[in-house]
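Right after this note come the structures.
Shared between the two complexes below is subunit A, which has subunit B as its partner in the first and subunit C in the second.
This part shows the complex of A and B:
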């Protein structure tokens, strides 16, 4: 009898990867691989994976996904003067990108970083710090296995936003991208992200915001109905610094966006917001926001504003936590998660958590789920606004708090346009 | 012309009959007032006419210039020329007042096969009409009714009326919660819209609003019916003597 050696799921997952070795991030990658191996693949028994099935993310190969037909929809962020960096199926496309030159900003492709690089100590370090108290195995896997990405160091006030554009061409693409952004004291940058990245997408964005620096992030996930994506943002926010991130998500079989923010300096501010739109009639939709904000310094202000609009069997999940460490006095933490269910088939799951170890803080959280207010709908219709348009206005009204988190008016208008276009396509 | 004939209405969810045979005709260009004690069915009548959910018409009809309103969706009634000024205007966070007004105006124009107003044209008209109602640019920009005072909300209703130019306006207790000055401002706005081609149905508890918006005809409603109709003097009589006497004449008790 011949014994057939059977691979474990984690061995199978790793065997499917061509792990990069050496270079500026070799040590970080090795450490991440060790972390990942120790954590193992997540399963439904894990507390933070109870509501979202990670099976398709765990599998050695992705489920094939139709690439997006770009003629389907108008381009995103086209009204914004920005520096474009394009990744096709997870590979940087220099020809399609702008020259990576911007005053006060240093941009390097991850795959081309020199053996000694400013990001050497940073790459993977925020991810590693964000592994406790909750394990995030896909992020560790990402640090170990990422084949491309961008390293951005900002020393001044960037004159234009840097815009990461993802293009999905190959139906079985499985990109793993890792970006690192370092804002030096007083620096400012707006980072935009959009586009379908691949059949399955694993992305980590590490952001180090130093004293007095300001970081704005606006991301649009949409277009690709068959997307399966796991993304992480790990941010460290220093004294007097500002971190702001907004994500609009539409469509997608499975999208899990994790955000881990560590407020390390006094008087810092971190706002993270998301608006998600799911219509099960145009494909399965599962969207999961898992957010963890840690206050480790005094007078910090954090806001989590997450809104989901769900219909035809769409499923939305929110898991959000505010942790106030001992000594983080005068913390002002706020968290709201809400869903608008447009029919009886959809589902919203929420787990709001507060954990507070300081006695002079102001923290609040709330979670609601409900249908469109009949009185408001009647009010709009009584003015002659047809049902579909009235519903669309009520959806925009519902999402307003989240969208308000975008500071730039032009970018906000782009997001609203996108939102209105989606609503027009998904009536009834 | 609004013609309501033998209108019977019950609540959809429970066996409660609210309107028990309302007959009412408002001729084009006229202002009619409906007064009546609490629970007489006045507000229900306004909701049923404008198409709010939750009511079941068991008998009767309501036509506007011959078109049956009761078969239409609320938005179709609006495009047909019906307008209801709400007793409690609804707040809609995140939707600018101007956006809302423009959406409504253009939706109605589209429904009637008319060309939509351009942003420029719309802005010109809305600014001019807002000014006469003392509605400033800030109120136009703010989300619909959010943070508006009671008086501002009612003025905003009249602005919508002025922009939508309906044929038949129903004012549901527009005077509620207004001080004298605010009421005068609202009444002036309404009076400016009085026109040979436009009718009004003014629902109110009190005669005082009718000092400012002078009705041609006054109806008393009680127990789901119009029980008495007369001229403006009827409102004065109610103000002086209350409803008890009129109700007793009609053998209605216990509604007060």
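This part shows the complex of A and C:
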């Protein structure tokens, strides 16, 4: 190859990265790189990218985004007693973090994992399993290229939530983080995440929930910043286990959250919820939830609750699927995706899918789109509620079903506070 | 009106009666008749030959050739949830005509009695009689009350069209498309390909190149078509593909109800059917299009059957145009079919009612597209999918609200019923909303036959198969009621027959 020969987009994308080699995860990284190269970069012609343009995620370097200063309000989750782990532009900041010590919880920084580590077989394995039937190239890229993240093993009931905080300082940062969480049988953990993380953020979270274990996840994806993000959660849910995840997204130029859940044990439960607020006036807003739940065991229960409030040209996408494998009898699968379009410029695009190969199941999905109900608005106005407040009330009640999925009352209150603050900032 | 009610009740009674005398695929016999075939395979020569056989003008040939040249560069789509065995497009006869049709009969009296007997046996007598006499339950209908004009298509050619004169009195043109190309070129030129362009998709492009016959309907402004129109498609010859093209134009303020039926003999090898139906609806006009698709579904082991790849689309081109698609899909080994509505005119309306039943090794991927372009447009989708045996049944649909389609509405309901643990039921809806004054609602459920309902029926002395048929008919009720009544009765018995052997 001559030096003047042009690089292909995938070569350019890889050339811009400093790929880690060797160590506990060397083999997993090599395999992931091979997967990624075989899949190639996604494009609009790919079925699951028809509505979201991956161009800015495909580019070798990120679009510059102003570092985000949120000092005008109290830090997110400040009211919650938690163990803080801080990443600045994708690099672990030990000085800003708490000591990673928590009874029943073993925490290692990915970059510092010893050559022989409990996560060796797990790292990248759930991601690899989640690549079929739909390819998720950015997740494979992440497994191959992530240099930092945390490895959390939970053997008991964690006394405090573990809180991952992503600070964005450099205007052109391009962090790639990969976390692995393993809950041993009967263990319990709450994981919190917040912050914009960088100009472009690629994150994978692999969660293995063993028999009878309980995992709660609440994520606040920043506010008003210019970040582009592609995130993936890959979860395996064992017998009688519980997996719960809630995400609040308030702005960001482009956010695609993929969640891939594999229910492998009988009587397991998996709930995924998301509330997104998008105001296109702050630049652009594209929010994409792509959620796949696979039932591979009996009597599983899954819920997908996704709500979006969109205005000023914001675009919301929901691609959700419930797949019930042969033999996964008595499955109860539920999915709802709704959007509230506050003006005429915004768009909602949805593909709520069911794929069912077992007969004794109860599966349903619903999807609605529309404007705020004029009658309800009129009712509030006629009782003296000012327009802005009336709209805010309607928005909060619209999002309530998703927020209700959070079990912890303090965290739920925190989410509601942020929501109200965002609405106050984005009136009109 | 009362009579109509009686008949509706009759439909319910019929359910119980028909399930009692269920038989297997009863249209599986063939007619021994001398045929003329074009050589197997597809090429420019074959396209020219089909055009020549139909004695077509030059512009039609050019149109076909343009489609053929495009098709050569296209690939068969694979996005549907279907496992389609490789189709050898050069191992198919694209043109098969009964020898006796070499010179086109001037009237039905001149048609080969063997052909007439075929339709008689199918319950579609090609006499200008009152109704489709062979249809179950037809005896309930008072003679003279309802008349149906029939265009009968046998393999590649139209055998004859009934009630032509009576329709002509009203100004309605109802004839085979090959005749229309010669007799009414101005209408065909204006509308053919205007809803489903030659470039639309692989199968539509193939059809544009090789379609041999089909039906043409033109209803002039302000005319209510005096009777229901119907086309009956019969594939008889072996290794033959059927490629028919239907064009319906309903001019301003007009109304027509159109029925389509299809059957084929039982054969071990699969046969291809790739049809195109185009409907143009102008201001204030209304078209009802009903299909009972009962192509040979293949045997219990999945051998043979029709591969049904069909493009159907209605264009509500002007204000307040209305279209209603109703389909009962019980046959075919593979169904790939999405009757769609382009709601271009303001306040236009589209409706889609569907029952799709897949048993044994059948595969169905069917649904609709509702494309809202005009203001205040309305659409409604009711889809009932039933899977049994080893079958796979998918609803695939699109509801699109364009920025200009202010104040529009869509309601979609897709229900799937599973009978047995080896089959699959899938739902793949696409929803695109680009303005906020429109409202889109989508609901889907998947469940199995309710044990309590089955128990209730069994306790009243029905055997399991009867009980399932009754419950399934209840599940489909909303759609069955949208059908014209002759079809409703036929469809109801079909539902039972299609599910035969799926229980126990």
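Before moving on, here are some points about what is shown:
As a working rule, the second predicted complex is superposed on the first by the 422 of 428 C-alpha atoms of A that agree within 3 Å, B and C clash if a C-alpha of one lies under 4 Å from a C-alpha of the other, contacts with A are read in each partner's own complex, and residues count from 1 in each chain.
Basically, a residue touches a chain if its C-beta (ideal position, glycine included) is under 8 Å from a C-beta of that chain, and two chains touch if they have at least 3 such contacts.
This one's a predicted model, so the numbers in the text were calculated from it and none came from an experiment.
When both complexes are superposed on subunit A, subunit B and subunit C fit side by side without a clash.
Look at A:396: by the touch rule set out above, it reaches subunit B but stays clear of subunit C. Contacts of A:385 after superposition on the shared chain: subunit B is touched, whereas subunit C is not. When the two complexes are overlaid on their common chain A, residue A:363 makes contact with subunit C while staying clear of subunit B.
Annotation for subunit A, partner touching more residues between subunit B and subunit C: C.
In the superposition on chain A, A:371 makes contact with subunit C only, not with subunit B. After overlaying the two complexes on the shared chain, residue contacts for A:325 are found with neither subunit B nor subunit C.
Using the contact criterion defined above for the overlaid structures, shared-chain residue A:348 touches subunit C, although it does not reach subunit B. Minimum Cα separation between subunit B and subunit C in the superposed model: 13 Å. Residue ranges of subunit B in contact with subunit A, taken from their complex: 50-53, 73-75, 77-79, 83-84, 86, 89-95, 100, 103-105, 107-108, 111, 143, 160, 164.
Across the complex, subunit A is touched by residues 79, 81, 403, 406, 416, 418-448 of subunit C. The touching residues of subunit A, when paired with subunit C in their complex, are 47, 326-327, 329, 339, 341-344, 346-371.
Here subunit A touches subunit B in the complex through residues 373-376, 378-387, 389-390, 393-394, 396-401, 403-404, going by the rule given at the top.
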